[in-house]
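Below: a set of structures, written as structure tokens.
Okay, so subunit A shows up in both of these, paired with subunit B first and subunit C after.
On to the complex of A and B.
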């Protein structure tokens, strides 16, 4: 009887208050598990939001300074360099990481496969400085790969290729693992059917498997790009110059102080947020058919 | 046409063991067996998707054991249809022609003809995800037929369809086999499908081929107890031959004597297979009959299923008979009704223990 009154009568009956009725309503209809999950999730998101609001409040209080810093050629050049190097690293990852991801997705479990998977994940577990040191030792002028490559004119130390290679190293697990997951979701039966219809292995990959994994390729690329442009310690080991945005902020912090470095940081936040928002929006329309597999 | 010569292969913990079979041109060949028996693996091995560890696969006498799938001239239709979700129906059907380099105009004409033939021309621009199961199955079949395969491989193509669509699809397959003269290999676990479609069949259990031959022979005269059980023979009785008079044997089954035709000698262990259709029930005496096996019994249960009923009778051994519901009604059969049960000696298939 009370339930009916609750659902139909908007006014409290005699002796009842709105508060007691709401308490009863919450007790009956609230899924407390979901509520607590939301509260805990909100706490996590809240920290990020708080940090952004904190910096935004300070920066937007002095827009003239913010615009002055954001418009300097060093900042614009550094942002372009960072985003460009990140994009180059991602292109290399697509070229080399896609075949690796496919092989890992389609090969049967074995000890060898486990070792390769662990190697792919190494950049995830290493401190960034260690990752940077590994890249430096391999690609420095006297390094195993750096020496022969500098002989043919490709230098890595304090050069753009060094930035790209450091970014590639730290971002590779993000791309390879996401891409592998995408390939694993494509049923092997589809490939089998394509093969019996006359397609060779590569044609099958090109016409069936890859189109159905495009969404994962895109997500992997965005993740890897995000990781790449955010790298600092790994990059400065081999290429302190030219300044990527993280290096520029650090340099500015140690030379000009918090005021300028904070303005650069806020500029980067705005640009990155805009770019990633656009990229995520684009994912919505990519590989729709993938959901039906 | 295609032959397996003692083929063995392992996939994880599963293995196909020493499989030998021959599929001739124009056969409608059924591979039947319980779930997990290795039917699909065998089908995929024919397609070249698994390479045998031992043995040879021959196509028209030539060894093709290591030949990749795209060069075997086979087309495969899976139970789950496996249509390419990123392509429209027309593109799916055209896929094989496209990857084989068939001229665009020619391929378009070919596809239009197939879409019309399979009654899916109105779906040409739709994506597979929006089609019903029956429609998807037709697209999958049209796509497979488009490449004019020497052998069409079907992996339980009817199992995911509703009964009405199943009937239509069976008619499609019969037409395809009859009119196109296609060699078809179909994996199934349905005896009914085998009855309707198969010309030859193989029974595979636990990765081992246990019976192979003409479909009617395998279905009516199985070579072993496990095959008889799998193909659904309702009455399987173990017994011992007590006497044999020129092929007319008397078999003791738990104290009951059955007469059957076999060369098994006295003392030999045998298994009797009796189809429920071949068991006749009568009320009253009914002992004067040409049927050699006539015995009194009591109805244990009556299970009606549509126009027929399955009646279990205890006559010392329990036997199942299939009757029409009208017969059950006319004879007033209920549990406890005394009946006389008869089976002709010629209706009993005898499996000898060493076979």
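On to the complex of A and C.
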């Protein structure tokens, strides 16, 4: 055959063999479309990598300063507060968002459903300052919800609950939409089987639907948490204090200057990387593999 | 006694009405076959009867309890029934856990679960797979797991939604045998939907034909197959000849029907002037020469026009004014030496010519 004859050239020049083979390989197997897609993707990833390398080289050049800043109680406390408030918001989301996601996943399309879906997505499309303002107006001391709640001793302005509620607001679509996707992937057949076997609606949900959607719940929670701890504009409107990490960086940027704020930022990068890596790793131990029918 | 009594059940999904005014009553201890083409609403009806979905309107009483009024008792009622679906659905867990599900939902004690699950798996011949992962089994085995998962809860009514549509003949036979035995020994009421006419005939005491979201006819399977009430049913139960004709005279309990100049005698009471003659292909006999003795009232010569082999039978179309399709065994076709254009004698008993009123189709 022809290709056979080509690849076994009877007179290969010794030095050229590998190069020609490689060229042949390229010519024959390369899908240029994929190559270009990779190049374009690399440009995008490159920007992120460059930004991190940039900050890392400057910061690692002066480890003493970095350590000093990272070890201040202000920074540690702020990181813990941010992560904690984020986790708190996510817990509330799981509690209230899961039922909503289930209803949305199982209801037939209707105009009402469309409206509810749009409402769920509102925090996604609003500028963060607008979201912050919305939360502030509702939960401030004289707000519709803020006033009665402050009467029972739950204050939001410049307080931890304010941070949580702002994070909850901006992170909710991420959780609800992911969770809902998970529920949609659980075939109704499976639920029907459980029901014919004598399970009530909630038992079916608890024993069939939820276990099969745990992975989605987990990734929805991680997404929402990531979004929550990264929030700045949404939070400062209602709770400038206590300082969450974004506020702290912004504050130190405007008062102490670039040097300190950069060190805080780098600390946050390291911690977040570590935590998200761990969370992603944990995914593999979670949830049953699919029984998709 | 009727264990299920359904009146004017309607169900629609969005703008699509799947069931229109379904009336059905199921007697205790019977096997009722629901046959009908795909998409005729059989599955939907079964889901409604098993109280998995509510109908949009209509009355439904099960075990003599009005389910419309007693909405709160649905779970209790559902726990007295069981359902097996068309596709074998098992959960990604051990066979044991799969079968134990229904009992766990009922809060049965651990020892009882253990005993009953093992018995149920024994009954379907899957004891050796107790610890296997259910999803690793073959389709037929999965369906047997699903069946034992239902049977372990001792249902009084068992719904089977095309349970063997995806299975090989052996698994089908196993499942059919279990179902008939339970019906006979435990007096379990069974409602089985199927598009396999033979299965309906084999298992069911009574057959309901479902067409386009309605129960078009119910009765003994013999009745449905030989005396369908209208054209659609006749088509569905596989009648080869539906010939429009006109009743020209009546005498001695026989009606003379004329179709394209050919007169055929029928023993059916005439439903009107304009009729369709429904004749099953296997009721038409072909002969090489005029038979000397023949009980059939209709006896006439005809010309063979087409010969079409279909597995054990040969589909022979003969022309005698109108076209008639006869079903002849392959062996007999050979003996007759059939070929196109050949002259044959056709005999049909008047009893085999069933008349239905002709509906003018637009």
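Basically, the second predicted complex is superposed on the first by the 265 of 293 C-alpha atoms of A that agree within 3 Å, B and C clash if a C-alpha of one lies under 4 Å from a C-alpha of the other, contacts with A are read in each partner's own complex, and residues count from 1 in each chain.
Just so it is clear, contacts are C-beta pairs under 8 Å (C-beta built on N, C-alpha and C of every residue); 3 or more make two chains touch, one makes a residue touch a chain.
What you are looking at is a predicted structure, and each value in this text was computed from that prediction instead of being measured.
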Subunit A as common anchor, with subunit B and subunit C clashing or fitting: clash
Touching partner for A:189 - first (subunit B), second (subunit C), both, neither: both
Touched partner set for A:147, first subunit B, second subunit C, both or neither: neither
Touching partner for A:197 - first (subunit B), second (subunit C), both, neither: both
A:38 touches, of subunit B and subunit C: first, second, both or neither? neither
Intersection of subunit A interface sets (partners subunit B, subunit C): 108, 189-190, 192-200, 203, 207-208, 289-290, 293
Touching residues on subunit B, where the partner in the complex is subunit A: 12, 44, 47-49, 68-70, 72, 74-78, 80, 82, 84-86, 95-96, 99-100, 127-129, 143-144, 147, 149, 153
Complex contacts: residues of subunit C adjacent to subunit A: 13-14, 47, 50, 52, 75, 78-79, 81-83, 85, 87, 89-92, 101-102, 105-106, 135, 146, 149-150, 153, 159
Of all residues in subunit A, those that touch subunit B in their complex: 108, 187, 189-190, 192-200, 203, 207-208, 211-212, 287, 289-290, 292-293
Subunit A - residues contacting subunit C, complex: 108, 189-190, 192-200, 203, 207-208, 288-291, 293
